[in-house]
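See the structures that follow.
Next come two complexes built around subunit A: one with subunit B, the other with subunit C.
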Partner chain A sequence: MSVIDSLRQQIAACEAQLATLRQQLAEAEHLQLQSRRQAQEEVQPATFDPLTHDMSYGIHDDFRSEVFAALSHGDGSEQPPRSRWPLDKMEYKRYGRQLIMPEVGLQGQLRLKKTSVLIVGVGGLGCPSAAYLVGAGVGTVGLVDGDTVEESNLHRQILHSTARVGMTKVESAMVALNSLNPNVKLVPHAARLTPDTALSIFKDYDIVLDCTDSPASRYLISDTCVLLGKPLVSASALRTDGQLMVLNNPPLPPGDAAGGPCYRCVFPKPPPPESVVSCGDGGILGPVVGTMGVLQALEAIKVITRGVHSSVRGPAEAPSLLIFSAYATQMFRTIRLRTRKPKCAACSAQATVTPEALNSGSLDYVQFCGTINPVDALSPNERISVENYAKLRTGRNPITGTEVSADSHVLVDVREKVQFDLCSLEGSVNIPFSAVSRLRVGDDAVKIPATEEEERWIAELKARGDKPLFVVCRLGNDSQMTVKKLKAMGLDNGGQRWIGDIKGGLRAWREKVDHEFPDY
Partner chain B sequence: MGPSASPAGHFVVLYFAAAASYTGKTSEHLASPMAAGELFGRLEQLYPGIRARVLESCAVTVNLQYINLDGDDAEGARVLLKEGDEVAIIPPVSSG
Partner chain C sequence: MADQKDAETIPITVEFSGGLEMLFANERKLSLSLPTKDKEGNHVNVAYLIDYLCEKEMKDPRRDLFVLDGSVRPGILVLINEADWELEGEDKYELQKGDNILFVSTLHGG
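Now for the complex of A and B:
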């Protein structure tokens, strides 16, 4: 770790400690004031109680209440003792705006207060959902995350701050949540969720929110919730799309057809690993993931206030999948889901997911969802290091040492256009990888003819057919696939023209050649 | 999302998330009637590779109702896609 990172972390830690101390001071002062007031109330004799006077006759109701209000105003000696009311005086004030709603009311607030919620993932979904649940006065909130705060998280992960970059996400979130509502008990679980820890962490909570970012964790969380009988609010977001489901609700034992469906009932097969795109690669708009996180908090509040752990639980809503498409004319669509799948691996009578299987590690979620091997599609003589490519750009052939002219080669950048527009190497030609992969070669070419756009760039590459062709991308994977494709299309003139990729892509270029090249 | 009103003798297919990326479209019209069990095969003809890379992990709905196409004996395969139906291809989104 660099000195700067270490200092940053220390500052963040001190700031967090300071915030906690300030909070504790404020609370202590508040309590002292309260107990002093109480003591005063106790020593004062009850002198005049307007409530004992019978004013029922001959006085208009409105007037009477006005009189009472005026009489009770002033010395405050009629304040009932705190224990007379089911909620704390401070709680009536803090939660007043939601307390007066029939959807919550006193019973709902008491249910919130005695409920413990586990939030797995304190990122784009977890931050807003935790903020609203802590704000609403849930009794206990557990936070699971093994990551630390990065600068690129801040545009959407609203509990973290610039000063807390480098701190663990769990610690950072606790600072923010504690200042939002110090009455909520926060429980840190600052490690990545794994199959052997899931059951022991989940068992102490009443309801779980899946705010994670990978298929493997989604199946693990769903299975654990089914095994322990916890309702699950699951959400996800990528680019401009989001999904939301309340699963395993009601949380009846596996095999009970009246229970709500689980994640496996809806998505029995994981997506192929190479098709899984992270927010880092695909992008994400803050308010899109924020919307999904806020909706998760809303669904959790609905489940809790209806009575998550009471036997007299209200009827659960019919299971549904909400689809959010931020840029479509119809932003929200609600799909009616089926009941539990009769052959579901987790929640049916034929379930193979058991606590023993989970604990023993025989359920391999990473394997189930598949992993992507680092792309290694090319031979060494089809590749060039960034250092050698840099020499070539300065006008010298790194292998032969001979002088070469500046336009001695063609450089193709296969990042998507929007990324190419952010920053690119001078003289490079942009052919997005999506366009490259759409193009069919061989037998497929007959079925899908090339479009005009594709004809244009193919012609352009053919026109400079005598020059070696270098392909670059962001990380060095797409560039390899492109080289293979271009060769399959015959652009290497049967091996006469050199086509190869720049190893490690623009990331390696930034790390080893040009430190000023933007890191996005 | 594209127009939901289908021309005569067609139903509309809506593509979400990875399905939209793969097809390059958010919706299109296909000729009706068609058994739901034949849908993936038809889409594979139109977009080679889409079945393995996208469709097999997707949820499929007809008129906002989930249908089960998982497994050989899936009862959803017999659902008939009729003129004017709205079919949605919903890949799991797992990021967050």
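Now for the complex of A and C:
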């Protein structure tokens, strides 16, 4: 027999076997369908009274599930075990790809399912972290945020959408999360977190994610987590950098040195308010903050699957700070952090942060972190309104009414160069505020000579020294500081040259003079 | 001999993160050679380095964005060879050849 004939025979035999198997499968499926239909009919309200059932033949089907439930669980709050498997059929399918990983497995999935996670802040960090946690099948996700969706959020806050601009962030996120995984219970808390509401909101959750954007909220969230014994996954991002810490892990009571450090252990004192830069002022790249949010979800999953509930938890990792720098040669680096601080105001035996202090409102987080007062550095005669400046640009002195030439003044725009390049007023000179800040005055100027670039700025400002000098910025704060600095540098020729700022900056210009001027 | 020893320097790397680089002309990394002893003849430590950075390297006159009350301002973590300086003796830590000192400003955006 040739090789070809032999192969042909083998194929024929296999095909016959395949046909038999298909037949058997069809029959088995048919039988299963029939028995299911039968079972459903039996569960339907019976046309006869089940109480008349003769118990000597066993328990009637209508009572069977109740009997099983009573046998397996003491309390009636649990659902009757519908299936032989610990997860629903749907759940095996949906979570299959993570279920087959040893890091999760059945135990991990069950832990995720019974865990409730609170996400404070539904912005650049909260959106991606919520998406991954809801996707992973966490039982309950609570969302805290008092803001509404704005257009400028959309490049990074991935749960929101163009159509939902104006909707509360909590509502908008719930729409997206619900369509992602309707099996997760979502709990809305559509208000800004405050000291008097923090304890009552946090107490129902097992783990907390700090996705907020201010020092005050970071201290409040950390304190609340320490008081209630909840692990905290904290992240932040600005421009191209991000930071991540898992705090209060393990979440042991205050005074227990074996507990993980809290935010106050790492940062006992808040930063000076003038050193705090927001995403609105400093800028933020979507994938940078997104990376940090995704990492928060990852850390939360690690804590949960390791057993946030169980008393025999695996050893927690040593406290660390992850630093992400998108444009550095080494994008990720991990820094070892200290353990709990023996004199920490929140988590030590000498803690002054107590539930009573929190509830009574005696802990003023906003005051603790300080605020920047609106800059009011100039006298009224050093300032001009946008309306009057607009008149001056059209060629008429708003005060005297006399004609002025187009080249009547110098306009200095102190926004950073990137912003200046986006849009600027015609004829304005750009001297970035960062450069102005670096210009030295008095003793400092003697000690460190100006760089070549700085010499150029100064020359630029001294040029046309007889003309009045107007300073403009984005919002009208940096312009005031600049006016003060320029005068200190003597650029006003001992008071002979007028130097002043344009009140309210380019925002006021857009609102009151030129509505077409870009709003970014 | 003594002179030769005094002339020795300690090469270290200093890094900035979280926006602090802006105070140092946008340099994220500096390679410095510090003298082994300070004016009093003590081995140079992190306190000396902080002073040195303010006097010699900082291009921005806004010192208070880096130091406050004689030490780094609140909100800046100092990391000595990838570990919180509180694990190493804070500003008393004596600098060794090849040390990496990282200054990180906390971020608050989200």
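Heads up, the rule we're going with is that the second predicted complex is superposed on the first by the 438 of 520 C-alpha atoms of A that agree within 3 Å, B and C clash if a C-alpha of one lies under 4 Å from a C-alpha of the other, contacts with A are read in each partner's own complex, and residues count from 1 in each chain.
Here is the rule we use: a contact is a pair of C-beta atoms (placed from the backbone, for glycine too) under 8 Å apart; a residue touches a chain by one contact, two chains touch by 3 or more.
Note that this is a predicted model, so its numbers are computed, not measured.
Visitor: Once both complexes are superposed via subunit A, do subunit B and subunit C end up clashing or fitting?
Guide: On the superposed model, which is not a single observed complex, subunit B and subunit C clash.
Visitor: Tell me which partner A:Leu220 touches in the superposition: subunit B (first), subunit C (second), both or neither.
Guide: Neither partner.
Visitor: Let me test your reading of the model: by the given contact rule, A:Cys279 touches which partner, first (subunit B), second (subunit C), both or neither?
Guide: Touch partners of A:Cys279: subunit B and subunit C.
Visitor: Touching A:Leu425 in the superposition: subunit B (first), subunit C (second), both, neither?
Guide: A:Leu425 contacts neither subunit B nor subunit C.
Visitor: Would you sort A:Val483 into first (subunit B), second (subunit C), both or neither based on which partner it touches?
Guide: neither
Visitor: Just to be sure I read the superposition right, which of the two partners does A:Pro270 touch: subunit B = first, subunit C = second, or both, or neither?
Guide: A:Pro270: touches subunit B and subunit C.
Visitor: Figure out whether A:Lys343 sits in contact with subunit B (first) or subunit C (second), or with both, or with neither.
Guide: So A:Lys343 only meets subunit B here.
Visitor: Counting contacts the way the document defines them, which residues of subunit A are shared by the two interfaces, the one with subunit B and the one with subunit C?
Guide: Comparing the two interfaces on subunit A, one with subunit B and one with subunit C, the shared residues are 121, 123-126, 211-215, 218, 235-239, 241-243, 266-272, 274-279, 282, 284, 289, 321, 323, 325, 328, 333-338, 434, 438, 440, 444.
Visitor: Of all residues in subunit A, which touch subunit B in the complex?
Guide: 121, 123-126, 211-215, 218, 235-239, 241-243, 266-272, 274-279, 282, 284, 289, 292, 321, 323, 325, 328-330, 333-338, 341, 343, 434, 438, 440, 444, 447-448
Visitor: State the interface residues of subunit C toward subunit A in the complex, per the touch definition above.
Guide: For this pair, the touching residues of subunit C are 17-19, 22, 28, 59-62, 64-65, 68, 73-77, 79, 82-84, 86-87, 102, 104-110.
Visitor: Going by the contact rule set out above, which residues of subunit A touch subunit C in the complex?
Guide: 121, 123-126, 210-215, 218, 235-239, 241-243, 266-272, 274-279, 282, 284, 289, 321, 323, 325, 328, 333-338, 434, 437-441, 444, 451
Visitor: Which bits of subunit B are touching subunit A when the two form their complex?
Guide: Contact set of subunit B toward subunit A: 1, 16-18, 21, 24, 26, 45, 48, 52-54, 56-57, 59, 61, 64-66, 68, 70-71, 88, 90-96.
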